[in-house]
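Naming follows writing order (A, B, C and D), and every chain is counted from residue 1.
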Amino acid sequence: MYQDVILDHYKHPHGRGLRDGDAEVHHVNPTCGDEITLRVRLDGTTIEDVSYEGQGCSISQASASVLNDLLVGKELGEAQRIQETFLALMQSKGQVEPDDAMEEVLEDAVAFAGVSKYPARVKCALLSWMAWKDATAKALSQEAKTA
Amino acid sequence: MYQDVILDHYKHPHGRGLRDGDAEVHHVNPTCGDEITLRVRLDGTTIEDVSYEGQGCSISQASASVLNDLLVGKELGEAQRIQETFLALMQSKGQVEPDDAMEEVLEDAVAFAGVSKYPARVKCALLSWMAWKDATAKALSQEAKTA
Amino acid sequence: MTQLPGLLDTEAIRKDFPLLDRQVHDGKKIVYLDNAATSQKPRQVLDALSAYYERHNANVHRGVHVLAEEATALYEGARDKVAAFINAPSRDEVIFTKNASESLNLVANMLGWADEPYRVDRETEIVITEMEHHSNIVPWQLLSQRTGAKLKWFGITDDGRLDLSNIDEVITEQTKIVSFTLVSNIMGTVNPVETIVRRAQEVGALVCIDASQAAPHMVLDVQALQADFVAFTGHKMCGPTGIGVLWGRQELLEDLPPFLGGGEMIETVSMHSSTYAPAPHKFEAGTPPIAQAVGLGAAVDYLTAIGMENIAAHEHALTEYAVKRLLEVPDLKIIGPSTAEDRGATLSFTLGDIHPHDVGQVLDEQGIAVRVGHHCARPVCLRYGIPATTRASFYLYSTPGEVDALVEGLEHVRNFFG
Amino acid sequence: MTQLPGLLDTEAIRKDFPLLDRQVHDGKKIVYLDNAATSQKPRQVLDALSAYYERHNANVHRGVHVLAEEATALYEGARDKVAAFINAPSRDEVIFTKNASESLNLVANMLGWADEPYRVDRETEIVITEMEHHSNIVPWQLLSQRTGAKLKWFGITDDGRLDLSNIDEVITEQTKIVSFTLVSNIMGTVNPVETIVRRAQEVGALVCIDASQAAPHMVLDVQALQADFVAFTGHKMCGPTGIGVLWGRQELLEDLPPFLGGGEMIETVSMHSSTYAPAPHKFEAGTPPIAQAVGLGAAVDYLTAIGMENIAAHEHALTEYAVKRLLEVPDLKIIGPSTAEDRGATLSFTLGDIHPHDVGQVLDEQGIAVRVGHHCARPVCLRYGIPATTRASFYLYSTPGEVDALVEGLEHVRNFFG
């Protein structure tokens, strides 16, 4: 489960810290106390930044770092596809062996395949991704209102 | 459990039917629906009659018949001793083998020794005896009042 | 040996049930006809219990160690099995309780503490029937006493059927909940669910079905029943004691308040307030009956492998035979339907004026286990003016030979007290 | 092998527990340190369960057949054993429930529906503590919400003890009930019962003690405790899942109203009203956890044969050793008392800023089963400003070698995330 890639991200998280954003959310995993505060900044339909701060286990921390790597700079449609692919992988109960096509989409995040075998930890891996989805929706609805 | 003596009393109950009395009680065994209505008539401290009517299993019916045999004509003190001996036998869980002394006191009622092994049936055997105790107490307290 | 069409291969099945080899009263092989009280357990269920305790035992949920993950998978796997067994639209609608009685109390208490539109109070009515088990009477009496709601009920006809002639007066616009048994545990009557559900839906009342005597014996499809809640109990369907089930419609389980509070049923707790986990966990406070759920899962597997239709056919054939044979016994009067139509394999009867206690005791001396008394359905005895009945009830391992033994036993009883 | 004075012969004892031979993660023998969550079960208990189901299984009470008499004798015999184990003045004060959570909810609900002088309402106060298991918090929060009574609690000191400095303000003339844990399930703290009981008696409040973490580990004497109610759970004390106990003082059980309604708990039922059986049956609706009670009886026999004083001494020696060894681990901080005095064999800790989930997972990979999280005592985590702890908890079969394995495992965790 603890792939080197995951440990690397945990020890040296990418893009950690809160920076300016269009929307902010705070998510908690009540069963283990993991928390994340996450902000999204959009430039039209491009994700300009995802910044975050939080506390939690290595899996939740590394997952946020990987998310930052994968989504910053992407178009929203593309980002959503990545998020859905990651979600599917995490819900696969260890049944999915990531192939090249998946690796193309998820890059470092394929390292989380092993986590999907541990039901208690899947929520940790998904925490930042759910927060991102929520924050993005918020940012878009604000934009719609002010537009 | 079904000694011939018990079956005889069941089929040919002694003293059954309601006759004049100084006090009447109605007792029910809620777990099986056995019922008895019982009257006591006293002459001073002598039991002149115990009459009864009821429905129930052979054990409860035979027990009432035996009671009538044993107690009618007795002094109250003597009757109480018989009642206590019978109660002790019924609560003995089959551990007591009636000896001559006990047979002297209980006569036919020693046949109920086997019933004491069956917790579900002990209450049936005791129904009329509890009713008698209750009715006697009632008769005595009425007497005390009118005296 | 009597052979009837539709019977199961009981010779093979009986080998699965260790207790059926039990001898009583100096070597008499037991004839176990007390299945409405509780069923015997197949080896497969006992093995599942042992395997759980010997290899996987741990507390469920929230654990990251192997045993906790395995125990959780087994416990939640049992929920999947039960959900499939009753054709539940979602596994999250299956709540594990300790027995059917807790399941029924759970429904009564959810409603007692609910807000509108579910709230039960002095303006509203609760409907049950006269043939309910005490476990489907007392919770509603308590709810009625504690909320002021009026308790009403359907009576019973002379031949042991629900008297629905006044259904429109019994179930009215004031009715909040109708709770009734699918199969009577004393008379075996199978009740007409559809008629009652249709009227309840007309007035917007919820329907709770006590399926304790149905789940072990027939196909139970909660969607086909169209009820809102269905309760049953593990120990009557080859499962362990200590486990019951309440199935409830998802939106109701979401809306209704919790009952027991404690570990497992919460989302987050502070000293000032708590929020609750989604159903089913919201209704499962504390360490659940883990091994018992696993055992019930194994029971459901066992029953499914044999086939609930086949079990129903077996019991129907046996009941037909038993009704015929019992009616040959002089002075025997069946309490309840006296044909095999729309009835389960539970037969209550009186035998002249021989008290059921005596009938049961003398049968017991012959190794035949039946139940005597009011069978936790005292209003039925009151209805028929009898103190008690003798009840013989059959299951998938029962045989025509056991019916014959019962009939012979009853002849002996008659001679004994004759 | 480390040898400490006071240890039990664990080599012999471990042979009784099949699960302790379990291997995980490619042949690693399990080191089971999750005993505060649930204990493993000795062969003697599993044998009692099998024997019950294979030879004596029947529904209890009211039966006249052999099996029903035997099952009733076994079930009621288990009550005798439990009564003796806790030194109850009367066997009729022992109520079987499904777990400790139900026991605690039972007390809360008895009081919620009680008449004066027991009645809990908006004029009255309920007292608990900040170190309670959720199962001793949520039932009182629900009772408080539903009756308007005020919920108050004792705080915790920095070293994991109850802060009783303000006891006279917390427990007042308005207090109707004080409910607290004898031993904390997260910190191991053993609480000063006498001080609390004395104050409660002064103001005439009832006392309910949650002995879930005490009954498995020390002599439990309900008369010495002077409480009114004592709750505990079977699965933590070598018994099966699906069974709990509530002991209550006889006069209270007589006076207080029933909670769950149904079969077995009644005296007589008509459609219009019912009367209730005397305690304990009044509080045991439906078919009880028969096999589970029998299993708990066997567990109590097993523990008694070893001796509760000896078990307590064993765990005390082990705790002393574990505290010493754990404090050698750099960055490890014990949450709760950091000596072995007045504490049980349950040790919670944090390890630098490595999240407990990661600690638990890496320990698991080495075959070491600990629990991580808030252990159903989230207010304690909030109190110390931590999201969770890692908890190792020992029992009569735990060894110094297992303590060593834990310490080595933690070193590995530190290197892994270092």
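Methods note: contacts are C-beta pairs under 8 Å (C-beta built on N, C-alpha and C of every residue); 3 or more make two chains touch, one makes a residue touch a chain.
Keep in mind that what you see is a predicted model, and the values were worked out from it rather than measured.
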Labels of chains that are neighbours to chain B and to chain D: C
Chain A-chain D separation of Cα centroids, rounded to whole Å: 40
Chain C and chain D: spacing of chain centres that average the CA atoms, whole Å: 31
CA centroid of chain A to CA centroid of chain C, Å: 48
Sequence positions of chain B contacting 2 or more other chains: 31-32, 118, 120-121
Residues of chain C touching at least two other chains: 62-64, 68, 268, 357, 361, 372-373
Each pair of chains that touches, named by its two labels: A-C, A-D, B-C, B-D, C-D
Touching residues (chain side chain D, partner chain A) in the complex: 355-358, 361-362, 372-374, 381, 387-388, 416-417
List of chain B residues in touch with chain C within their complex: 1-2, 7, 10-11, 31-35, 55-59, 118, 120-121, 124
Complex interface listing, chain D residues touching chain C: 18-19, 22, 24-25, 30, 32, 34, 37-38, 40-41, 46, 49-50, 53-55, 57-59, 62-68, 98-102, 104-105, 108, 113, 130, 133-139, 141-142, 146, 151, 153, 233, 235, 240-244, 258, 260-266, 268-271, 273-274, 285-292, 357, 360-361, 363-364, 368-373, 376, 378-379, 382
Interfacial residue positions of chain C with respect to chain A in the complex: 62-64, 68-69, 72-73, 267-268
Footprint of chain C on chain A - complex, ascending: 28, 30-32, 118-121
